[in-house]
Amino acid sequence: MMSNLTSTERARAMLITGAGVLIGLTMAAVGRNDPMGAHGWIVLLFCGVLFFIVGQKLYDAEPVEDRSVSYYDDPTKIGILLALFWAVVAMGMGVWVASQLAWPDLRFDAAWSSFGRIRPVHTSGVIFGFGGNALIATSFHIMQRTSRARMPDQVSPWFVLLGFNLFCVVAASGYLIGITQSKEYAEPEWYADLWLVIVWVVYFVLYIRTLARRNEPHIYVANWYYLSFILVVAILHVVNNLAIPASFSGAKSYSAFSGVQDAMVQWWYGHNAVAFFLTTGFLGMLYYFLPKRAGRPIYSYRLSILSFWGIVFFYIWVGSHHLHYTALPQWVQTLGVTFSVMLLVPSWASAGNALMTLNGAWHKVRDDATLRFMMVAAVFYGLSTFEGSFMAIRPVNALSHYTDWTVGHVHSGAMGWVAMITFGSIYALTPVLWRRETMYSWKAVEWHFWLALSGTVIYVFAMWNSGITQGLMWRTYTESGTLRFSFVDTLIAMHPYYIARAFGGLLFFTGACICFWNVVMTIRRVPHHTPAIDYPTTSEAMEPAVPAAE
Amino acid sequence: MLKTLLKPFARVFEFQAKTHYKMERHSMALTAGIILAAGVGGFVEIAPLFTIDDTVEDVADMRVYTPLEQAGRDIYIREGCYACHSQMIRTLRDEVERYGPYSLAVESKYDHPMLWGSKRTGPDLARVGDKYSDDWQVRHLINPRDLVPQSVMPQYAFLLETPLRTDDLPGRLDALRMVGVPYTDDMIANAANDALGQARPDGDRASGVLDRYGEATAVRAFDGQNDRLTEMDALVAYLQILGNLTDVAQNTQPMAEE
Amino acid sequence: MSVKDRDPLTGHQTTGHEWDGITELNTRVPRIVWFFIIVTHLFALLMWILLPTWPLVTTYTKGLLGFDQRDVVKQDIELANMTRADWADRIAAHPTADILKDPELMARVTGTAHQIFGDNCAGCHGTDAAGGPGFPSLIDTAWLWGGDTDTIMETLRVGINSTHLDTRYAQMLAFGRDGILPRDDIRLVVDYVQSLSGAAAPADRIAAGGEIFANNCAACHGENGDGNTDLGAPNLTDAFWIYGGDDKAMYETIWSGRQGWMPSWEDRLSLTERKILAVYLQHLGQAAPK
């Protein structure tokens, strides 16, 4: 891979990783009396290893390939492998987290292994480590293919990918050491937040520069979604993470906002992390891999427009549905309810658009587990958005909030939608990227599919049961009009569901491990195969007038 | 009927589709469109929370966290207690009857960040202050299952062995002042001493805590060890102040009579 | 590809674009989508009119219903109090003995107390109220302050060694740590106290311990060691122990003293709730195997 970089590019890479080493060293030195010092060493190690890898190849021969006739796929390949690595780590963590709720002593006698510290390793690990890497990798692939253009340079994609992974490593290790801001899905401390801003700006610039080179007058739907993911996540991230560090030599910082304003900002962020990280990014994936795999045209361009702008506009308003009946003024809650309900239509429109695209390809869905992953993902996307809009209605939320129902909803979206579409895309992408004939084992894909599906179903049903049971028990009254159950009574009722959830999670996790294995075996064992056409070409597209409605 | 209702929507959409068709040829137009469309909602919902006065109640007796309590709060965050415990009693009958007066915005006015939580694996803690003894809290944190056999809460025995760091407290209070918590210079300068004093009722630093944070401030050996200042001291001091920074909720919401 | 292209399967036109082999149809937005757009927007509009919704710089639209979640919960609770009043008032008014004999009221008491006790007391006294190390059993016959309703209710109101201004104080001194008694004396008095509840020990030790007891302990625990409910000093002649009757626990009690902390419930539980708990405890005490 290094051999595809020119010597200038290698030098630039050394400069950047060298700077990283210095930053790490500074953090380690300044923060030596603080947990931040440990992060310094981690940054140092991370950048040091990269520095060394590049340095070894610094004087290798210049590459001879003609860049104009190929796409740049090396970062995509590494990104896919990283996504799978994080999937195994973070879902393994999920199983452990789930098991701790069933068997609370299932841990080491050490501070780092407590539920509160490993839970965010799971959540950040799956969302950012697994989801984020998958998004970055697939976006690199898709933006080049749908633009029929190679990325403009070869350093910035690596910077984005590896810089993002540095962020993930700092985040996950931080929770174990006890470094967290406590803001859900934005837990990393100020310096990690700042670093992510830099990475993200480079990502945006890279995306725009690639689009600018495109050989197709129009920008494909998938790119609209990826673009909205990059842009809005940037806005959310910056605002929600505004904070004042207690000291520049320490990790601790204090949010710029407090109390009710902080709650609103946090859930404006939190919900839209769901919307623009876990939804629009993955819709981008769906909009590319599903029609490609099915070999069918997108069902409706007009529906794409309607759902895209609907999602971008409506989603932002609904964060307050996380704060129903709280000290947040009620007017904001009303906005949250109404926009959540209106949001259902564009959400379902995009799920419907995907499913209708499968018309004429249902036999493929039956035979091809990869396409089935994508189909099931679209179904779960529809289910979880319906559920979400339902849970956003105040009286429903009165029951569901604070309970496992929310966790069930999360995982029907996260496992059923996010993870399924990612696995489907990875199976579709791997042979193309590595130029292989096929996946190593189709049987394993089939196994993975059923493990993932049954794991999700068991998990989600367990959590629905547990959540609704708990919610109802909290508000059950005796005939005297007094509360019937104590909190501990509900805890006892949860126990069997917690065991079931851990089991469902274990199935899902096993599937992810199989996927990783299958991808590695594909790379190592499956014979080479060059696809007919997978390189930048000029467009033959005519420029039609505004397409008329039929 | 449907057709007439539909007309305005269809017209807006036709316009939108046309505009979009032009936009999707320019990445920067798309960028601008996305920022605009996604900017409105957040602005409309967040900005007024700073300008509408009755968003946060005006309360005279609301006090700030002492350095020890704030240190405890930082430990609460570090350990991820918020992953299982909410600190927000909703305006619902069953919650008020179980946990006490519903939470008011002012009660988390000095909370940077807020810890309202989103999951109740354990009970709400918004009013747990003074609900149990210090000794109970310590024993519960050492091993919850000693006291509540069915509990799934993790053990935090190491807190009792870990000395509390106090040298960074002035910096922390100072940062909090920058984001709006009214700490005085005096409070910041004496932060480390006050943390020590609050956990040593017989020591000579104790009176300073009462001077600066009010006579009602709890000055006790929270972890049961008069000679050591541990993280357990801080966390228990924090738990015991939850719901007690102001009495406004108790005073304005009469108790449910049974 | 050109605009004119039609998808052979559906007969719809494509948009004429093609990206890496992907094309799009220009199918019109299905009716059903429009239908749901209208339904959801009408719902939203209705809510906006009826409920507080739109911010206006320093205030917000209040909605036609004049509805506020805080008023709603207040009304809910007032209503609940009213519907509970028929039996709650009777519990408040009747003497405990009568309530204990009234199966209907007792059903209310036990049904209600389960949650109140479970959420507030069980953490210390256990779900069965049988206590545990450091927390007295509430179903035995040994009471520190007295087991009648009024006394229990007062204990609940102010707590013991609590932060309440009128709290009951129960101070078992730290005889060893504060240098009042040397170690050997403490060992003697332990032997003596254990003998009060029937344990065997050499007679000379008991005698010596008895003397120390009379000089140091009797003031609170009584000459016979049977306790003093005015001071919350426990009876030391029975088989019930808060901290334990074995050598180690008792030595620790006398060396370091004990100041058990029972929280005050005045701000947390209403008068009637405290009465319910007091009755409930007596009911449990009656039912418990002695």
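Order as written gives the chain letters A, B and C; numbering starts at 1 within each chain.
To be clear about the criterion, a residue touches a chain if its C-beta (ideal position, glycine included) is under 8 Å from a C-beta of that chain, and two chains touch if they have at least 3 such contacts.
Which protein is which chain? UniProt says A = cytochrome-c oxidase; B = Cytochrome c oxidase cbb3-type subunit 2; C = Cbb3-type cytochrome c oxidase subunit.
Being a predicted model, the structure only gives us computed values, none of them experimental.
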*Which chain has its Cα centroid closest to the overall Cα centroid?*
B
*Which pair wins on C-beta contacts, B-C or A-B?*
A-B
*Could you tell me the distance, in whole angstrom, between the mean C-alpha positions of chain A and chain C?*
41
*Indicate the whole-number Å distance between the mean C-alpha point of chain B and the mean C-alpha point of chain C.*
22
*asked:* Centroid of chain A to centroid of chain B, CA atoms only: how many Å?
replied: 28
_Multi-chain contact sites of chain C, meaning residues that touch two or more partners_ = 29, 37, 41, 55, 60, 69, 80, 84, 112, 115, 119, 122
*Hunt down the residues of chain B that sit against at least two other chains at once, touch-wise.*
13, 44-45, 52, 91-93, 97-98, 102, 123, 148, 258
*Mind pulling the chain A residues that touch 2 or more other chains?*
217-218, 302, 306, 325, 329, 332, 335, 339, 482-483, 487-488, 547, 549
_Interfacial residue positions of chain A with respect to chain B in the complex_ = 34, 100-102, 104-105, 107, 109-111, 114-117, 119-120, 175, 178-184, 208, 211-212, 217-219, 224, 227-228, 231-232, 235, 239, 243-247, 250, 252-266, 268, 272, 276, 302, 305-306, 309, 312-320, 322-329, 332, 335, 339, 398, 401-403, 406-407, 474-475, 477, 482-483, 487-488, 491-492, 498, 546-547, 549
_chain B residues within the chain C interface of the complex_ = 2, 5-6, 9-10, 13, 44-45, 47-48, 51-53, 91-93, 96-98, 100, 102, 123, 127, 130-136, 139-140, 147-148, 218, 250, 253, 255-258
*Can you list the chain B residues touching chain A in their complex?*
13-14, 16-18, 20-21, 24-25, 27-28, 30-31, 34-35, 37-42, 44-46, 49-50, 52, 54-56, 74, 77-84, 86, 88, 90-95, 97-98, 102-123, 144-145, 148, 150-156, 158, 168, 171-172, 174-176, 178-181, 258
*Complex interface listing, chain A residues touching chain C*: 145-146, 148, 216-218, 220-221, 288, 291-292, 296-304, 306, 325, 329-335, 337-339, 341-342, 344-345, 348-349, 352, 359-360, 478-489, 540-542, 544-545, 547-550
*Parts of chain C lying in touch with chain A, wherever the complex brings them together*: 1-3, 7, 9-10, 12-30, 33, 36-37, 40-41, 43-44, 47-48, 51-55, 60-61, 63, 67-69, 80, 83-84, 87, 107-108, 111-112, 114-119, 122, 127
